[in-house]
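Presented sequentially are two complexes of chain A, the first with chain B as partner and the second with chain C.
And now, the complex of A and B:
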């Protein structure tokens, strides 16, 4: 039974990292119609920046998280303002351009931080927490709590604020929203920044569970795409549901069927797709 | 032509317009014999990726279905040939190639109805998902991993063409690939100029309009997807013949980017775009990985971005525009 709870906590913590990364990707896809394959690379760069602040400069962890988030956000904003803005409604070109950034950012990380893998770097500072006689890594519990907090914040932002209303209007009919006087250019910029910022945060936080290496960007990109597929494009709730589902299936799949380690989440994904081709909570598209 | 002077349009004579084709053919036939063997191998690789790019050009270029999973059929073709060789001891070139292309085509035919339920961004991520499924299958199942302990199939023999006393060299293999490439180009040419090909381009430009005109849009897309799968599987088989190794990554998203990048850089929905793009990427990747072994991804990534920002029409289009303008100027006088 203790095995079950340990894996439950592990799966939920992983799921929260997937959710935080996928949420921004999903909203950017839904609102702007942009497939940003550099999203995972932003996650990785921010994770390294967080490591640099915390381990390299011995800064506080909060600062590492914030600076990591800002790095992701500003880098994302730069890519959107200089490049992606000119490629509206050209999916083929968007995919290739952002993939070019994956090549570049991955190689730059390798250049600056070398190839050796970083372990979760706050582990030493955090003591395990005992609940009902079971010990849990406090980083994972903290991650679950933070993920839940962000889920509420993002949901509030999308469903209860003026910006969120504009975002939803843009998803339904961009031209009409513009016609009604919504500055979609501004909305797009903000959405892209927030998405990249959250990806950056999740990079620093995710590194506390998964560590960092130069493959991290591609790995998380693939997982985020899977989460977006399962949850549905353009939905925060979908990303949360999909992220937790994939995190749990992945963790329990590895425990129960180790010989099918990679296969379980993709099998689950395809089964969900056959039943619901637009994902569990996808909007019409 | 003859009436060029009177109509006011200055079209160069057909010799001028045929010259690039003749030159390209001459280079492809004559040059590899003069190159060292490692460059002959690179030439084979370039043509194999050109065939792979034709696959993407049919699906995404002409039909407008942006697929992130074209490598799935490349991989099925390659794995089929490799499995026949190591698991069943069949090394006949004709049997393995036929089996590879057939299975790749069947795979595309089976996946088509699933992915074509949706369009646009969902199509993009769904094709990615299918490729990922293939990746995880080949990664996990021991049947696809030979020898035990590695991910992939290694130590493959050269395919046996059934000619007594025949020995492969890099050069003879290159000419075999060139022959297949010429066939693939011919098929792409016929396809793009056929009524079917024109309908595909019509669907890309306006699906609703084609629907209203009474075309069976779904069937057209489906056939384009299956034909694309066949081309990809053909490239996959040749790739296994050349590389004598195949791994799960050959079915995955990273592999799918190659034809995508090649088609966009060369020129989307053009006959020669896939070829020019394949040459650009294969050789830039090769030479930059020799000159700056640590930093070649920077160069390749920058190439993608520069091509998208400044040469969006594709290198083949610019080259052909330049050539016809130069011809028009020459024959103006």
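And now, the complex of A and C:
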């Protein structure tokens, strides 16, 4: 039983990292029709920046998270403003361009921070928490709590604010939204920044469970794509559901069927797509 | 208010508007009539900037907006109530109304806000939390009108607002448009329903094959059997 709860916490914590990374990707795909494969690389760069702030400069963890987020957001914005906006409605070129950035950013990280893998860097400072006689890593519990907080914040932004309404209207009928006087380019830019910012946060937070290495960008990209496909494009709720589901399936899959560990999540993805081709909470048409 | 001069608009390779001109004077309602496929919706798309003309000019409130992107035209005071209504399905009734709401310095009339829209069209207030597309056809038409009014436009462009509505609802929509005209709003109405257009418009244009073929007062068109038969498909006689 204690194994079950330990794995449950691990799975949920992983799931929150997947959710935070996938949420932005999903909304950017929905609003702008952009497949940003560099999203995972932004996660990685931000994780290194967080490490640098916390371990290198001995700054507070909160500052590490915020600076990590800003790094992701600003890098994302640069990629969008300088390159991606010229490739609107050209999915092949978007994929090539953004995958190019995966290489560039990965090598940049290799150059600055070298190839050695970083361990979760807050673990030493945090004592495990005991609940009902079971010991849990407090970083994982904190991650679950923060993930839940961001889920609520992002959901509120999407479903309860005027910006969120404009974003959804843009996904429904971009031309009509513009005809109503909404500057969709500005809305898209803002969405892209927020998405990259949250990916950056999730990089610093995710590093507390998974550590950091120069493969991290590509690894999280694949997981995030699975989450977007499972959860459905264009919705925060879908990314949350997909993220938690994939986190749990991945964690329990590795424990229960170790010989299948490499593909339990893909198996789950295929099964879900057979039943719901648009993903669990995907938008219509 | 709006002056469209000699515009030529293409859809891909199809040459749709072939030198079309029309004007909407301030505070008047102008109707553009014509059969299907003659270029009515393309005229609106050119004016809104969705499909800008390749040649010709569009002036709105004294500014040359020919090459402006749609959102800037809308902010200058154009609102569209589009064909098929195009209510945003992911938005609630209230969100559809507020998503682009703007209060502007208007010279005429009271400002439109949520309270005034709900007072005028109470059914929208009752359904405020429902998804916009869950409303009936007539209610959605009211929502599309309300959504446009919430931007407090100077020119309201309505593209076939009577389409797909029962005769009684068509009369209601006609009444709504006539009321709006009374408030001093300039209106460009594109219609297939001639009776309604003749009732609300101060001036009528008839379009055929991308050109204006007739222009006159409603009473003149009502008496002109040739134009009605040739361009509007109205049977002769009474």
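Observations, loosely collected:
We adopt the following convention: the second predicted complex is superposed on the first by the 285 of 285 C-alpha atoms of A that agree within 3 Å, B and C clash if a C-alpha of one lies under 4 Å from a C-alpha of the other, contacts with A are read in each partner's own complex, and residues count from 1 in each chain.
In this text, a contact is a pair of C-beta atoms (placed from the backbone, for glycine too) under 8 Å apart; a residue touches a chain by one contact, two chains touch by 3 or more.
The structure displayed is predicted, hence computed values, not measured ones.
When both complexes are overlaid on chain A, the residue A:212 reaches neither chain B nor chain C.
In the superposition on chain A, A:259 makes contact with chain B only, while chain C stays out of contact range.
In the superposition on chain A, contact of A:45 is made with neither chain B nor chain C.
Within the superposed three-chain model, A:175 lies in touch with chain C and out of touch with chain B [touch as defined at top].
Between chain B and chain C, B touches the greater number of residues of chain A. By the document's definition of touching, of the two partners only chain C reaches A:184; chain B does not.
When the two complexes are laid over each other on chain A, chain A has no residue in contact with both chain B and chain C. Only residues 29, 33, 35, 83, 86-87, 91-93, 95-97, 99-104, 106-108, 110-111, 218, 222, 225-226, 228-229, 233, 259-263, 266-267, 269-270, 273-274, 277-278, 282, 285 of chain A touch chain B when the two sit together in their complex.
Residues 162, 165-166, 168-169, 171-173, 175-184, 283-284 of chain A are the ones that touch chain C when the two sit in their complex.
Of all residues in chain C, only 48-50, 69-71, 74-75, 79-80, 82, 86, 88-91, 95, 98-100, 102, 147, 151 touch chain A in the complex they form.
The touching residues of chain B, when paired with chain A in their complex, are 60, 66, 68, 114, 117-118, 120-122, 124-126, 128-130, 132-133, 135-137, 139-140, 253-254, 257, 260-261, 264, 268, 294-295, 297-298, 300-305, 307-309, 312.
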